[in-house]
Structures are given as C-alpha cells and as structure tokens.
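The letters A, B, C, D and E name the chains in turn, as written, and every chain counts its residues from 1.
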C-alpha cells in the first residue's frame, strides 16, 4: 500500500537556519515535520548576530524571512531531545515536552557552538576586561550594552581564535571569521571614525563573492590596518589597556601595540549537545568532534546510519549560504530515501 | 658609571603606540592607493633593482604603515621609477605616484 | 630533499619540534632574541622547511642559530605545536657535529662554553662552581659578589652551605665515585667526544686565526666584532 | 581719391591710437622679457637665427602658413580652417590693402599710422578709376571674407559640432568681451564704410548698403558715430588683448621665430614657455584630442586650461594638471599653434619635484651578460624594463634576429638598468642622467655598432638624451623593415586583417609610422584605425601620467580599443610592450606585438 | 582584571602533588648564589612540617646548563638524570623534587621523550648500565621546589610570623611573580596553573597575605639564555631582557619580586645593579634602592621568621632591608655581613647608584 508523504514523520533536531530551511522544504514536499529547538527561539546563532557579511543584511531580516511561513511544521522551542531509539524501521524520538514521535527519518541540524575564547588563555578573555569576542561585539551592535566598548580609540581584531590551532584541538579553518572580522572592523569604524583599527590575521580567507570587495573597502574607505601575524600574547597595563604582542611577519619584526579594545574572532567548535545522540546512534565523528558525513563529496548530507541525515555546521564550519544549500540538499536526500522505502 | 663590557641594546620591535600617523595620513590623502596594498609582493618581484639594491615597494608601504619611515627613504632613493610595479600590481596601485609622494612628504622633516 | 636535511630530521627534537609551519609569527612575537638580535625564529623554521641543503648549511655556518636563548617561550604559543627552540638545538648540534660552528663568531663561543661548563661538570659535579665563577669574568656579580668571592668559606659557612666538605649540602665536595660516574657517562654517551670535537676544531681555528688557545678563549669569550644587533634596520 | 580733411585727423581715432600704442608697448616689453629670460645658450641661438637668411625664409613661410592661413587646421577640419584663415588672412589683407591705398593715393599720410585703418573716412572719391574700383573691390571682398569668418565664429559658439569639435573652450570674461569686440569690429566697419560710401566710394558690398541705408537713414548723421564705434571697438580689443586668448594673434609669429631657432622648453613659466602659453589660442582643439576627456571630470585637465592656469600662475592646480597628463603628445600634434605643452608640463614637474636623494650607487652591480663583451656581435639588443614583463616580445625579436642571421647579443637578458625615460617623463632629468651614464658605459663596453630597441619609451630617450655617437640607434620596427627590404627575411601574407596601433612614443614621439606598416602589410591585410598616425589614441598605460588612477586608465584603454576596432580587424598589433600589456586584458581581439607577427609569418 | 577568570584557568591546570617522601636534587646556580634558600627549604619541610626529603650526597648536576649551552648531547643529560633516578630508587623514594627550573624542564622533557620514544629510554638504560652498572626506574612524580612551597602554602601561612603585609599601612605587599621559563612554557600541563597565568607563586603569595601584580611583560624571560649570559660577549642580551621587564613593571611599584628559578633570581637581582650602575636608574619605591628579588623558599622562610642573614639574603646585591622593614621583620643590621660567630668579614663596597643596606 502506498504511504502518503503526510504519513511520514521527520524529526529535525536544531532550529537554526539549516533546521528551519530543511523543515520548510520537507513540509513543502508534504512530509510531517517536527522541528525541535533547545532555545526559546528559532534561529540559532542568527538570533545573536546583528548584521551579516558581505552586504550587511540584518540577521533579523533573514530570520523573519525564514520563519515567515512555517506551513504545517510542528515546531517546538525550549525543547530537547531526551532519547532516541533506533527501531527496526525509523526512530523513536522522545522530547523533553513529553512528546514521543515515531520518525521515518532524522535530520541533524545541530550546528556549531562558538569557540570558548577563554581557552586561548594568552588572549585573556574572561580575565582582561577589554577583551571581548565577535559575539559580544554583535551584541553591542544590536544595542545590548557591552561595558568594554567604551569609546575605544585603538581597536584590534584577532583572527583565527580557536581555529587553525592544534593547541586547542581545532586544526580547521572556521571559514566565517575573516569575513566577520572585516565586517565588524568596518562597522566599528562607522561607530568610532577616529579609532585606529587593526586586524591581526594569518591568511585572509576572503573566498566568497563580495568578500574581497569588503576587504578592499575596509582598507580604502575605513583605513583598517591589516597586520599579518597571529597575536601571541595579550596583557594588561596599569590603566587596564591591553598590551598586544605579535610579529609583523611581512616585515619580520616583532610588533607591540597598546589597545583599548580587543575583539577575538572566536571560531566554530562542534556542538557538544549532539554528542549523546551521536553516541546512541553510533554516528561517526571526526577527531575535532564534528559529525562525519558518509562522503564529504557525494553524500555530504548522509550519515553512516540509515535514515539519519545532516545539514549545516554540524559536519564542520559552514557559511550561511552553504548551510541553506545543505538544508535543501538534505531535504532532497531525505525525500529520495523515503521514496525508496 | 661602570663599563661592564656590554650594555642595554635597543629594541627592534615595531611599537605602534609610538607611531605618529600624521604623515602617513597625509600620504593617504595625496595617494589613497597606499591603503590598497595587500602585500602580494608582485612589485618587489618584478622590480629591476631586485637583487641589486634593497628597494622593495611592498616593504616600503608596509613600513610606512608601521611608522618605520627611516628605512623607507633609503629604499626609495634606489627607485628608477620605471613603472614595472605599476603594471604588475593586481590592485592597480599607482605605484609611481606613491613613490613620488613618499619622497615629497617624508622628505620634509 | 637533501642529505643534511635528512640528517637533521633524524634528530628526535626536530621530529617533535617541526611540523609544517604556517608562518604566523607567534614565536617571533614573544622571542626575547628577536627583539634585539638579527634573529627571527620563524625564518629559521622556514629555512629548515625548505629542505634545501645549501640554505641549511648557510644557516649552520651563520651566527643566526646562536642567537637563541633556549627559553622556549616560542613553544607555548605555536598553534601547530612546533618548537622552534628545539629546532635550534638540533641545528646547533648538527653545526657542531659538522664542524661548521667555527665559521661564525657566535658559533666559536662554543669553545669557551664547552671548556668551562663540561670542565665544571666533570671536576665539580655541577655546571657552576665558585672555583671557576670569578668576579673578574662576571663584573655583574657585583660588589656583593666580590665580597663573597673574597670571603668564600666564611660566607658559605654562615649561610649553612657545606662548601668543599663531604656529605650532603650545597657546594659539598662531590665524591670521586660520582665524578667517575659522570666521566664514564660522558664517555659512553658521546659527551666527551663532543667536547673533544669542539676543542679540536677550535684549536685548529685558533691556529688559523693565529691565536694561542688562551687568546682564542679570551677572544671568543669577550669580543664582539660583527653586527649582531637588530636595531632599526634589518 | 584725395584727403577729405586737411588735418587728416578726427577725435574718433583716439581710442584706436591708445589701444594700438598700448598693445605695441606691451608686446615690445614682453618680447624683451622673454629674450632676457632665455637661458644664455638659447639666447645666443635666437640672435644667430636672426642673421640666418635660410631661417628667415622658413620663418616667413611658417608665419604665412600658420598665422595667416592656418594650414594645420585646414588639413584637419576645413570649415574650421576656413573660419580661422578668413578672419586672420582677411584682416591681414585689409590692413595691407589699406596701406597700399594710402601709399598710392595719399602717400604723405603713410606716416600717420591710424590713417590706413580709417582710410575711407579720411578720403573722398573724386573720380572713378579702374585702380580705385579694383581696390574698392578688394577691400569689400576681404571684408566679406572676414565677415564670413566672423559669422562662422558666432555660429561655432552655438553649434561647435558642425566644425568637428565636440567641445570648445569655456571662455573667461575678458575673453568674452574681446570676442564680442572682435565679432562687432567688422560688421561695424562695414556699417561705417557703407555710410561713408557716398563720399569715399565703395564696391559691391559697401555701395549697395549705402543705397539701401540712404532710403531710410540719413547717412551723414551716422557716419561719425559708426567710425567712433569702429575705433572704440578696435581700441578696446587691443587693450583687452593681453588678458585674453587673442594674444596668440601677435605672439604666434614670435613663437615661430623662437621655435625655428631651435629653442627648447627649459622652464615652465619663463622665456620660451611664455611665448608658448601666450600663443595658445584657447581654440580647444586639444580638448577633443586628449584621451582623458572621455570622462567629464577630467575636462579641467585639458591642455588649454593648463595653459590658462599657467598664465595665471595657479601653481597648485597647474601641478595637478601636469601630473595627470599622459604625455601622449596628441595635444601637441593637433595644436594649430604647436604649443609644446608636454614639455612645459614636464619641466613643471621637474620644477615642483621634491628634492629627493637618489642613490644609484648599486648600478655598478649591473653588468653585461657573459660573452657579450668579447663576442664579435655588432647588434646589441636592449629590451628594457617593460619588455622584461612581456617576454613574448624579446623571444620573438630573438627568433627574427636569429632567422635573419643577425650577429646580435642581448644586453639585459638578466635584467638591466632602466633607460631613464620614465624619470625624464616625471621631470627628474637629473636623476635620469645616472642611468644614462651607466647604460652608455655598458653599451660602449659591449663594442656594439647598432643598438636595437623594442620599447618605444627607451627608443625615444636613447635617441634624444644619450650620446652614443658612432652607434646606430634603431627601433625594431625600423630594423625589421630593413631586414625585409634587404631580403634577409621574407614574409608570407597570412591574409589576416591587422590593425596597427601607433604607440605614442614611437609615432608622435619619434615619427616612426611608415616602417611598421610596410612590414605588416607584407604579413597580412593592414587596415587603419579610425584615428591613426599622429592622431592615434594613447593606450592609457602611459608612464607619462603620474596620478591617473587605474580606473581612469581603463576608460582610456577601452576608448583606444574602440578606435582600433573601427575597421573590424582580426588582430591588433602594436610595437610597444606597454601598449601590449595595457590592451591585452580588455581587447576584444587578440593583441600581438609587432615582432610576434613578424616571427609568425617568416618564411 | 577578572580574578574569577583566572581561577577558572587555574582549575584546568592542577597537578597532583604528593605530600611527602621526596628525593631532593640541588641546583647548580642556587647552591652557588643562594645556598641558604636550599637549606631553608629542607629545614622547613623537614623540621617545620616533618616531611621526608632525602638528599643523597652522591647526586650531581643534571647537566642542564651544559646541555642548553649546546655543549653536550641530550643522551649525556638523559643518562646523568637516569643515574639520579637510580640513586633515588636506591634510597627507596619514588618522588623526585628538583631545586632548579632548568632541571625541572629538562627532566620533564626527557620523561616525555621517553614516553613517546620508548626506544630512547631503552638506549639510556643500556648507556647507564655501561657507564655506571646501574639500573633505574622513573619516578612516579616529578616536582619543582616551588611546587612544594605552593603545596605547603597553608602550612606556611599557619606558621607565618611576618605575613606579606605592609606593617605600616596594613596593605598587602605588591608582589611581582616571575616564573622560570622552563617551569611551564614547555609543558604547561606539568605546572601549577599553566603557562599563561601560573598559579604556583601567585598561590603562595596570596596564601601569605601578599597581592600579585600582573604587568605586561610578566611572562617575558629574564634573559638568562644560557650561552647569552655565560659568554661575556653576549651578555647584553641577558641584561636587556631584564631591563625590559623592569621598565614594564615600574608603574606598578612592586615591593618584592618572587621567583621560582635560581637563575632568574640571580639575574633579576644582579641586572638591577648593572642597570643602576650604567644608567643610574633604580626601580624600588625607596629612592636609591632596587626591588628585592627572593625565591619562593626565601619568601617562605622569611615569612616563617627565619633570620634573614642566616637565610643568606645578604648574598643578594639588591638590599632587602626596605622589604624587611615593610614586613616588620626583626633583624640585626650589624650582623648582615658577619661570618659565623660574628666574625668580621668587612662589608661589600657600596655601589654608586644602588644601595646595599
């Protein structure tokens, strides 16, 4: 007997952009979608971001566009997955709100967590008051008071915090930090036009369309100063200003500068919240903790576990457009999978 | 004072706190292209003085932006203004005018 | 990949201390030597990384590798878990083994170091000893140092040191048995051979420079000729 | 024909006499100042030229052609040419004829210098003679000629395109006043002469006018006022003259004499340059000629405005304008007066340059590649910096030379010292001397008899600033042409449609137009661009400009390419590495170097 | 500065420190320049706390300075250290504590190398046997003497006679801590508190009532640099690095510098004298005085009421008297430069720019 799409249940875990977009796509195909979000609001990291590179689109706009029509999607916020059991066919997913769903397929869109910048002890996040992260600065841009941002005259951005760093176990590049740093550098220049802004980078990975223009604009229009060198050490002087040591690798000379504000571009770490599910379902993970897709080229949305699919940054750092594309790709993969059943 | 046979050596570190940006800003007004450099090194690679003198335009721009003006004038004094760097620069920096502006602005003490 | 590079790579300190460097400069940023000498640990690692024997030999014969203070501050910060300080130790070892150290002013100082330090270890059981640590060579020992030197036994007695006597305690006389052990350890581990090599090559270099051994010692210990300081320019 | 007044005087001549005296004194002082400001060597040249009869002939010819007939404009734009020459030559003839009439009919009045100008007022026709009618006719004829010119000039203000000019000069207030005077002078003269025609006689123009007027106007009431008006207009015009573009009318002749004496620009605001900038007629031909004018914002950098700024000593803006200039030389080429503005700008750059310490001590480390010095080779090839960036050229040159069996060696195979031209273009002639010195040493050392160049920038400086007596300096376009003509290489015609781009420094700079075309027509079907030879458009890559931005250069490049695509060629060929490099990224067709085409089509 | 943040980091770098039964190894530098510190250490742990710290007269240097001056192969130091371990085994101890930070670093490095390359350890077993006919077992725990002072900090504070408090103002003394580079920079995990905000001295200072000041160049090396100091021609390097540290700490007006490394202790002390005698500048808050530089052992002993001159503080070039006065230590000025039994040894020459008493 033919089973209609509507009789098929799909549980999407993680209500960030990947989860929302995939749910919408699956809903449009007629499936019954359960979208589970741990936070009180859908949107994931978008909720904490003010504007998005490269064109400065307000994150809020993207979010409201995403959530404008949720169709028949059954979505639950402030809800966690408490248990997942593999059945002969499909999965039994028990949610913290007491709901138990018999799912034909699971989609993990659990995303990433922002790297805990205090792990890079030499940068003094959490110790020196004027050291903040990219997320803190986004808060400031959204109008949430951040005491560290007190009319700064000299501002530094440190790229690759928690990325490309074996010492913290993250060898990968987080992809979005370079562009975010340049975006934020321009934004802060708009707020404090007289401030001198430095970006300390190792390589500027401005790979996307419009990113290089953003870089050029940062140089030409905003006069942002780019120093090729990883910050080695941050300390505090008597007045609470930050004393920064790096090498200006292009001149081969040690470089010292005192700053009023240092912004750490915390990269992406794998989301530890997904670890229990990964353990229960024996999902493969990579050494850095991100979920390992079946094939990173040809089956990036599939897991090693039948009926479990991935989209977005749960398999590694992604930009927003990549995440969105993966979400739709995952919907198609799930659709194909269910049609074959 | 005792002569111990050794003494305190000067630091070679670039100290941006001591960098008075006035002249650099003047240069940026005169030739805004100075801000566009992305340090690719094409200029230095194509320079006909390479291997014969220490002229290195990438380094000139860099050092100006770090307040190391003393080295710059010496380097620039080797320039023949031939314009090869102008041709190879991927950012289209007007290198010859930049060099002329550097001599003009940094010459005056 | 050259033979010299291969030989370098056989050193466990290099294997552990050099994975591909990304030239981020965190090492140079905090390096005490980089701020004063014409020295940049990142560049050293880079040269080794080229695997170019010619360049490596140039390095081994240069003053450059002798500027490091082996404080290992670089080790803490490297995002690639490299240890430029260890790379330096391996380079210096090779420079001595290949006899290149006598080619540079700073390398030649190994003569004074080997003579004094190994002499101390083998004669007194410790690297530093009042018999060889003299105010004359160490004016920074200060007026207090001079006073201690003038009243060695009394001062050490006052502060409870066991100077020159048997039994435990600071500055005790090290038993023959222990000194013999040290000598044998030096012999079997290549320590003696290393010291002899340094001395031999240095004697030859001294002859070449027309200096007696003592003059050569004073020369390498006291004198500076080349331009080593990285002031404003490089 | 005889005097109407015994005194031979009327008060109305006063404005004219005052104006004329003013301008004559002004000119004499001006000329003396210019001569004093000339460097001693140039001054000597000038005086020597005055006693050289051969130069007199040339000067006379040039003055007639350029000042009176404006042959240069005629060649480019006939209507405009007619406009200029009708006014200039017509007026000149009116003056000459006025004097002849005076000399013929009232010879004792010849010493009164206003008399010939107001001849018709002071005489009355006593009898009709053939001679008289003949002069009446001539006078009316030339008046008509001038009037036709004046009407064209008025029309040009409204519709310049008809004259082949997209843009004309923006006039200043004195210019405009003088222009209105000039416009009014001849119609008023016509009126005055017409009113007087009843007494003094007239011809086909003045006489019918007299009849016409006499039907409704009482001529006698109007005679004196119109002559007053005529005199006043003339006087005003002369007084305004030094402050307007019309100053070129008297200055140009002086400029011709100076130029023919072989004097060159040495200071942007002294001596020769004064003669140059005052000779600028502000005609605005240079505006359309300038490749930068594709963008409206660059309009203010046109040479005509530069000259104007220089006259006013507005240094800051002059400098900006001078630094912006591409030095392509097109404005000089089209200038009817031949103002050498490129060199004025160059000397201004030099004058305004910051005194920069130059340290070229490292030049000694450049040497000839091994084997060059001792070989028997006679041709020395100097590729130059730009060719180093376009190895396709040096490779092709090598292939051609080898193929032709030329005994040659490569001077800067491993890189070399710049030729010095870029510094000269930047006005730093003195700095360039060191390059010239060391290169000369190296070339002499090589024992070469011929110096072959592939870069026109180098070529120009080697020809003009190097002292390489005994060594032939030749551009490869010339040299290959020679090889073809001597049969040392033969070319097959590929039939490909080729357009040749004249590089500025080679074409306008060194006047090499014929040779490359001759060779290329043997290799393919040569077509011409819309503008070619000395009107060719700069590629935009010129080292001449110091401040032109990358974006603005691109604009010029596109314009130049448009021009080259005029006859839909299959391939664009140039003979300059810089043009090649500049065109290549934007060209709709393959851009090749001259040598490449030759190498590809050798049998 | 956020103290809570530091605490969080400290919690991640805690190491297990056995309370008792150690084999003690002396330091080349410390026994020369501050032998009183080593003696005080042993006296405190043995006689005040009743712990078992054994010193075998047969033990020697580890050869660390010779090794880091690149005069000996690593195998030599490895084998010497193996011999020390053998002595420790022989004496029946399983925990090894060294007085020297270079030793601590080298021991840690060697233990780590043996762990990662067992073949090297195997080779050292052979070499030691060949040389000394000895066998060895690696220690269970390797400690630095400052680790012990940290470990016993509350025992020390219980017996504190003169806590690190300014008796005149009642304020805690401002203490600069200087950690020897080889203590934590090579293996942050083997230290107390890690490499960036080491806890080992800060914890001790806090327990004794002092407050720690953090200054920009806190983490910078003292500049010993082995060959850079040992060869006179290179000594400018050493001096300059210390100078840099003093310039950086100057605005904080510290009362005391505490170190855990014998070398650092000597250099931070003596270079103040050289800076004063070449530039005329002193850094102490009492004009003409330097900032006293004491080791963790010396600080502990001083706090516990040891006589400063028995402790050997007169062997420092920088006068400690201003510190003693601030702490309210009772001391006999006249006996500073006396020998045993009040023997007159004269007094050191007074330098021009920095006072010695």
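Simple rule for what comes next: a residue touches a chain if its C-beta (ideal position, glycine included) is under 8 Å from a C-beta of that chain, and two chains touch if they have at least 3 such contacts.
Just so it is clear, the model here is predicted, and its values are computed rather than measured.
Touch-path distance (fewest steps) from subunit A to subunit C is 1. Common partners of subunit A and subunit E, by the touch rule above, are B, C. Of all chains shown, B has the CA centroid lying nearest to the centroid of every protein CA atom. No other pair of chains has as many C-beta pairs in contact as C-E. Across the assembly, the mean Cα position most removed from that of subunit B is the one of E.
Distance from the centre of subunit C peaks at D, each centre being the average of the chain's Cα atoms. Once the centre of each chain is set as its mean CA position, subunit A and subunit B turn out to be 39 Å apart. For this pair, subunit A with subunit D, the centres built from the Cα atoms lie 66 Å apart. Taking the mean of the C-alpha atoms as each chain's centre, subunit B and subunit C sit 37 Å apart.
Shared interface positions of subunit E, defined as residues touching 2 or more other chains, are 195-196, 219, 232-237, 239-240, 244, 274.
With touch defined as above, residues shared between interfaces to two or more other chains in subunit B number as follows: 2, 4-5, 9, 11-13, 68.
Chain pairs that touch, as defined above: A-B, A-C, A-E, B-C, B-D, B-E, C-E.
For subunit B in complex with subunit E, the touching residues are 1-2, 4-9, 11. Every residue of subunit A that touches subunit B in the complex is listed here, in rising order: 196, 198, 204, 215-216, 219-220, 223, 225-226, 228, 248, 250-251, 253-258.
Interface residues of subunit E facing subunit B in the complex, by the touch rule stated above, are 232-237, 239-240, 243-244, 274-275, 277-280, 352.
If you check the complex, the residues on subunit B that touch subunit D are 31, 33, 46, 48-53, 73-74, 76-78, 80-84, 86-88, 92-94, 96-97, 100, 103-104, 107-108.
Across the interface of their complex, subunit C is touched by residues 2, 4-5, 9-13, 68, 70-71 of subunit B.
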